Structure formats: structure tokens, C-alpha cells
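Chain IDs A, B and C follow the sequence of writing; residue 1 opens each chain.
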Amino acid sequence: MKKLILALALGALVITPAVAQQTIKIANIVELSGPGTTSGTNFKDGVMLAIKEINAAGGILGKQIESTTNDTQSNPGVAKGLTQKAIDQEVFAVFGPVFSGSIMVSMAETRRAEVPNFTGGEAASITQQGNPYVFRTSFTQATAMPKIARYITDQAKVKTLALIYVNNDFGKGGREMLMKALDKSPTKIVADISTDSGQVDFSAAVLKAKQSNADALFVYTNEEESARALRELRKQGWTKPVIGETVLTSQKVIELAGDAANGAVAHVGLTIDAPLPAIRAFRAKFEKEYKYICDHNGLKGYSGVYALKAAIEKVGKLDRKAVAKAMHTLKVKAADQPGILMDVEFDANGDLDRDSFLTEVKNGKQVITATLPPLGKKK
Amino acid sequence: MADFFQLLFSGLATGSIYALAALGFTLLWQASGTINFAQGEFVMLPAFAMLAFASFGMPMPLSFFLTIVLAIAVLGWAFKRGIVDPLFRYGMMQIVVATIGLSIAMRNGVRLTGAEAHPFPSLFADRIYNIAGVTVTQSDIGTLVLAMLLVIGTQAFLARTITGRAMQAVAQNTESASVLGINVPRMIFYTFAINAILACAAALLVTPVYLAKFDMGESLGTKAFFAAVIGGFNNSRGALLGGLIVGVGENLAAAYVSAAYKDAVALALFMVVILFKPQGLLGRKEERKV
Amino acid sequence: MKKQSAIIFTSVALLALLVAPHFLKSYGVYLLTYWLVFILAAMGLNLTVGYAGQKSLGHAAFFGIGAYTVAIMMKAGFSFWLGLPAAAAICFVTGILVGFPALRVQTIYLAFATLGFNTAAWLVMRNEEQYTGGTFGINNIARPELFGLSLDGALAYYYFTLGVTIVFGLLLFGLLRSPWGKAFTALRDNPIRAESLGVDVRNYTLLSFAIGAVYAGVAGALFASLVQFIDPAPFGVGQSIMMYLMVVIGGPGYFFGPVVGAAVGVVLPEWLRFAQDWYLFVFGSAVVLLMIWLPDGLLSIPDRIRARRESREASAARAAAVTAAAANAGKGSGA
């Protein structure tokens, strides 16, 4: 029996012969089951769409991209094994995972093997480890939260704020960054309300927010929970501003919350509703290919592949180390590289910055109310 | 005080959802000693079936009816014949593991159609009432009333009809029931069929709130399980009580104790009940057998 | 004969385990180590569930307590070698405490109580952020050194885990052959009878939990160092259910049951990845089919073959007897 199991284990390790740089191998290591499924699926579909387009247009430096996709089950222990598997197969770059715990584990492996790793994770700590091989595909919470904090304090003139967050790495991370950003401002957080991932009944959370008598409410939870919170807010007659980051005004939340989403305001890094022709075209392509409207994770995966393409083309050869080096301080203009969708700048940590938007839900549609410049430019 | 009633009422509405799912647990346990770890998925599948029928342009009542027929065949008959019957004589462990496998397969099978959450049409109008400072939605009231009616209806069926009594006789003592000339396998099948119908009804009431998603059964199943234990695993009315206690307990705990530990309150209750009244609040005591 | 073949089989398997990693790349070695960790954990649960008959659905809590103990102590600057016994000791004590409900309730009610304990433990891991890192988890957990040898490499850590698993396997084997082992099975087969035969039901029930918990705790400690990152997710009720599944699929009450069961739980999904998007669907269906096919677990196959052979032999003997009798009768009537 043991031998059979061993044989199975061996069978699992299909040794792929190293094709001498005929193709560029990319490994998708993403959450396709477990709590991260929605994010992971969007991210992967974005990556796959970009690869398909690039291959159809002749590849990168004339070489086709070849990709594999593996599911981490939203489990860091599995993510670690899969990253090793990808490294065993000598991939050129790794895309994913999206969950912070998993990326913490996988980036340690890719760093050791000197393989560029593009993550969809937004936790600030990812790029604070001095790892030269990890790159963002979106803002970190450390970039996004100061932008929305500035809006809360300066524009909305909120003096007291209630905060509903989801008690997972995403929610907790955002909460910390927001608190830090608001620390020296006149805005005080008067209610700090934890909710669970998958929570159904938001009556207690909303009631607590109401009791705090805050000027505004900040909601930082995943899509489905955001929709439920918005519905409960309307039910309990909340009339003050509801503010969020990225998720709150997303297409999915609007679809799920219906009228209750109207009036919600959020800062969005990348949004499928941005009034840019490139993003409109992307949205149409994505919907045609996968039959659903992608969220920001789809945009992250898609533009991430184009960032890699830009870096490889800048270096001019398939050299992981050189590409990783080029990624730092890489500037990509959408005019030269349309797939990047928006002008973007990577810094020495692998973080990126670009324009972002202030959005509001009006009549069941996400409307851009302002475009915010990159954070660095203001300083 | 209005705040308290607000929480209480919301909790009752949520709790009645747990109760519906918990009722199926207790029915199956009584009739066949089955602990169905796929109970949450048994609610998820009908939700997707209804959406699928509706996407072919069928009106909701028709797709609900078709889903019930399908559910009785698949979640009732096929589940009983395929999994419970062959494993029944081996005991609880095997059925537990088989239903865990079943839930993994069901969840991931549905996931193949997409990882997105889909909105689900509500039976009730999107209307809000304000009663003495407490706001309730029509769907809160409707869910609560319908869930209660379903639980009471099931109870009445079991207690008042000949078939129902025969089913209860089987649940209490299989041997003497068969001596009395009751068709035991058929009665057990009826229980599975009722469980399937209840699952469809639960899907209809729950999904507008839970949203149709491949993993919606996961948390629902766990909560229903707690509810069933608190109320009493071998009593159908207990499921209602247990569901309401969990729903209200969570809300009150989140507001007055600690939001982060709100699950611990239901849990503490759960532990107390298990240790001091293991048969549940309304359950009968099962004798220790040599 | 049976004993001999068992010894030959075990040695071949051990040899395979010693040699195999040299033919594998790092992913393969990692997967094998992962498997060993779960064998160790499932061994403990097999003692509690398979031998002593206590239905526990809270094993992952002990697994987590072990992992967090080692991780927190190592972050505080203590050595792994201090953390490991501490993890074992804490799990032993917690195991005894969790065993107490088992004195009051049995079967499914016990399963519910242990499941409740697991949820409570998970909530503490998630909420007590100043100790456990909360949902951010604990990152960069180091791997230990042994006699000045770094176990940082994948191979070194594999052999270390293999060594620990074998040592604990032998300990369990010894325990089960001792009078204690007999007492545990007596407890499972008929607690009332065991009591009347003078088995101290109370102590053995508590011990079956405590010893099982120690195995999970040690496995958790190895897990923390293997993945080098822990967060509360892998220590929830879902993991307990998976461990339970491993024990039942492998064959509860069979010594090597956890070895096979952990392979089903850990290696099978990886191996099924060729089925792409379908792999978890296939895995779930496989679990259902395995259970229906072999309700007593995979290791019941030899017993089943033996039973079938015996019944065939018996029916052959019966048939022979019938023919002989018929022949005799024929003779009788002919005479």
C-alpha cells in the first residue's frame, strides 16, 4: 500500500523537460477554492486573458507564453508546495497568490530561487520585507488608505468616524493602515466594529455604528458582506455618508445590494468602471471571454502580465535577475504598452503608484467623481 | 430598549433560517441515524437549480416545483440509496465521512460554473416597516413566519397523520415498527424526501440573504448544526428553538459582549447544553446500551 | 507467516521512504514531509478514535496549539528543542481537560463537544493578536538545528520529520501492545463491560485524549517549522473533519491506517491535479466511493480478502460435504 502511495506521490511530480527558453513559462498560483475563491478566480482570468492576447500578438521578444494554473485552496501550506513545484519546473515568473498569508510563504520561495513574483495581495507588510523579487499589481493598503483618509478629513470634513471591518488579514490590514493615516488628523475613530467573513446578519454591527453617533461610516469588508452591510444600513435608516475602499462601490456590490448601494463613496485604485477607453475595451473583452464582469482582481492580473512584458522588453532578454532589477523603478506608459491600462510606476520596494479615483454609486452605477494623482506627486 | 428589540428581531429572522436547515438535520438523525455534513450543500444545490430553471425563462413557482421534484429524486432517493443504505449498518463514522466527501464534491462541482455570488429574487417586496422605533423588512417578517409555519407543519404532519405517526414509530423503534406491519424502508424514504423538500424551501428563503454561491452551504451548515444540537438532535421543535437561540444569541453577543468573540457565545451555550443536557433542550434522553 | 510478511512489508516501505526523496525535486520532498506531519497527527487521532472509540472532532485544535506554542516560543527567542516538549506538555494537559466531557457524553454528543472546543481554540488564535499575530499569522518561523546540524534544507527536514514520525510510531506500537492498549480497545468495544472488568474508564478515557493530543501537538510543531508560517486557518473545524476523514478512510483501529489515510487526505488531491478544475470534485467523489466500497477503511482490504477466502473455503467444504452426503445417500438407496 505504502509503495502504491509513493508511486502516486511520484506520479504527482511529472517532470517536465526544460524547454530551452523556447517559451516563457508562467505559473498561476491562486486561490480557486476556499475563502479566497472569488479573488483568485478573477486574478487568474485576468492573467490568462493577457497571456492569450500577448501570444496572439506574437508573444514577448517573439516567444510564446506558456502557463500553468494551480489552486492553493486558500491555504499557505499548499501555496508553499505549489511555489516549489513551479520553481522545480523552472518557470520564469509566478503570478499570485492573492491572500497575504499565502504570498508571505510563496515569496520566500521565489526569493530563494530568484523568480519574479507578482502578487494581488494588498497588505502593506508584503513589500516591507526587503524582498527584491516581489511586485505588486495594485496599490498597497499603505498607499490607498492615506488617499481615502485625505478625502475623509479634508473633503468630507468628517470629525468622527465609525469603522466596520472584516476580521481577516485583508480587513485587519486595511483597518491598521487607515488608523495610522488618520492618526494625526482631526478625524477620530469612535467605533471599531469587527465582523466575520461570511457574516449574514449585520444588524448588531450597524446598530453599534449608529449608537456611536459618528459623522460617517467606513465599511471595509469583502463584496458579499459589503452588500449585506449596505442593505442593513438602509434598513436601519442610516443617512450619513458611507465610505469605503475599492470594494464598497464595486460592480459586484452594486449588483448584490441593489438600491441600498446608492450614495456609497469609495476610493478605487483600479476600477472596471474607469472612464478610460482602454479599461472599457478590457471590460468588454473580459466579459466576452468569461461571461461575467471582472472586479479589480481581474484588472490586477491582466495589467500585471503587461508589466512583466514591459520589463522583459526593457531588458531585452529572458534573464530573471535582470528583469527583477528592471521592475524596480520601472515606468510604463499606457501609450507605449496599452495592456498596462494606466500609466504606472514601480518603486524600489516593488510597490506601485498611479492615478486613482474617487467613486460614488449613483442610480445603481459607479460614477467617478474625482481623479486622484499618485501619492508621491503631492509630496 | 428599541435597540434591544431591533437586535432581537433581526436575530429571530436570521435564526429562523438556521432553524429550517437544522430541522432537516434532526429529521434525518431520528429516522436513520444519519448526520449529514452536506446539509448546507443540500440547501445550496436547490438554489442553483432554481436559478438554472429560471434562466430558461421559467416562472419562479414552476422552477420551484421542478426543483422539488429533482431534489426528492437526488437529495432524497439517490442520497438514501447510494450513501446511507449501504453504510447504515456500519454506524455513524462512515456516514459522517461519506457526507463530508459529498459536500466537497457538491461544493466544488458547483464552483466549476463560477466563483461569483449571484443575487436571488426574494419572495417578498423590498419594503421596510417601522414599529415603535424598530425597523423590520417585509422579508424579515416573511422569513420568520414561513419558517415557523414549515416547522409547525412538519410537526403536525408527524404527529397527526397516519404516515407521520408511522414515521415516528420507525424513528423511535425500528424493530417494533416493523413487527406492527409498518413498511420501514418506505417510512425512512419519506423522511429523506421531506428533508429534500425542506432544503428547497430553505433555499428559497435563505438565498436572497446568503446569495447563491458555491460555498454558501458551508457557514449555513455549521450554524444549523449548532442549532440542532442546542435545541435537541432528536426533536423537531428543538430545531426551531435552537435556531432562534443561535440567531438571537449571536446578535446580542456582538452588540453587548464582543463582536470578535460573538461565535463563542453560541458556543458557550452549546457546551453547557452538551455537558448538562446532552440530549438538547427539548430532546429525549437516549439510554446507554450494553 | 502474517507477522513475517508484515515485517518484510514494513522494512520495504521504510527503505522506500529513505530513498525516495533522492529521486524527487523540492516539491516532492515538501509533499512527503507534509504527509509525514499528517501521519503523525492522524496517529494520535487514531488512538483516540480508532482504538479508544472516543469520537473526537477537535483534533486540529491540538495541532494548532502545538504549532502556536513552538512558533510563539521561537519568536520569543527560545529554542525549538524547548518549544517541542512545551507543545507536547501543553497539549497533554489540554487533552485531559477536553477528555472530561467524554466522561459525561458519548458518540455524537462527544463529537459536538470537541467540535465546540475546536471553534473556541480557533477564535482565541484569531482574536488574541498580541500573542498569535491574529489573522496576519506568524511569519519566518525558523527550522531547528540538531547536534549542530542545520535542518533548514528540505531534505534534512524531511529526514528529521521521518525520524520523529518513526520514533512516535514505535512508541505508539509499544503502548498498544501493552496492557494499556488492551484497556483502550476494551473501552471502545464495550465501556460498561470494561468497567466491570476493572478498567478505570475515567483514567483511560482522559489518557486516550491526552496522548492523542500530544501526537497532534508534536505534528503541529513540525508543521509550523515546515511551512515557516502559521495563521489560524489550518487549525479550524474543517481541518479536524479532514483528520477524522483520514483516520476513517485509512481504517480506524488499524496501526497503519493513518499512513494510508493521510496519503488520501494530503497526497491524493495533489495527485488529482491533472484533473485541473475538477480535482476537488473528483477528490470528494472518491471519498464517497471509497467509503461505500470499504466502510472499514482501506486497510480492511486484507481482512476482507481473508474473510472472502474463508467463506469460499467454507462453502467449498460445505459443497463437498453435500456431494459426499449425496453420494452416500445414493449408495444407500442403491444398496
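Heads up, the rule we're going with is that contacts are C-beta pairs under 8 Å (C-beta built on N, C-alpha and C of every residue); 3 or more make two chains touch, one makes a residue touch a chain.
These numbers were taken from a predicted model, which means no experiment stands behind them.
Taken chain by chain, the contacts link every pair, so each chain touches all the others. Of the two chain pairs shown, A-B and B-C, the one joined by more C-beta contacts is B-C. Taking each chain's centre as the average of its CA atoms, subunit A and subunit C sit 38 Å apart. Mean C-alpha position of subunit A lies 36 Å from that of subunit B.
Separating the CA-averaged centres of subunit B and subunit C is a span of 31 Å. Each of residues 126-127, 277, 280 in subunit C touches at least two other chains.
The multi-chain contact residues of subunit A, meaning those touching 2 or more other chains, are 32-33, 167. The set of subunit B residues touching two or more other chains comprises 108, 111, 260, 263. Chain contact summary for the complex, subunit B toward subunit A: residues 3, 6-7, 10-11, 14, 17, 108, 111, 114-117, 119, 126, 128, 130, 135-137, 209-211, 213-215, 218-219, 247, 250-252, 254-255, 259-260, 262-263.
Those residues of subunit A that touch subunit B in the complex are listed here as 32-33, 35, 37-38, 40-42, 167, 193-196, 198, 200-201, 203-205, 207-208, 211, 223-224, 227-228, 234-237, 252, 255-256, 258-259, 291-292.
Contact residues on subunit B toward subunit C in their complex (touch as defined above): 35, 37, 82-83, 86-87, 90, 92-94, 96-98, 100-109, 111-112, 222, 225, 229, 233, 260-261, 263-264, 267, 270-271, 274-275, 278, 288, 290. The part of subunit A that touches subunit C in the complex is made up of residues 1-3, 5-6, 8-15, 32-33, 69-71, 73-77, 80-82, 84-85, 87-88, 100-101, 104-105, 108, 123, 125, 167-169, 171-173.
Considering their complex, residues 9, 12-13, 16-17, 20, 23-28, 30-32, 34-35, 126-127, 129, 134-137, 139-140, 154, 223, 226-231, 233-234, 256, 259-260, 263, 267-268, 270-271, 273-274, 276-277, 279-280, 298-299 of subunit C touch subunit A.
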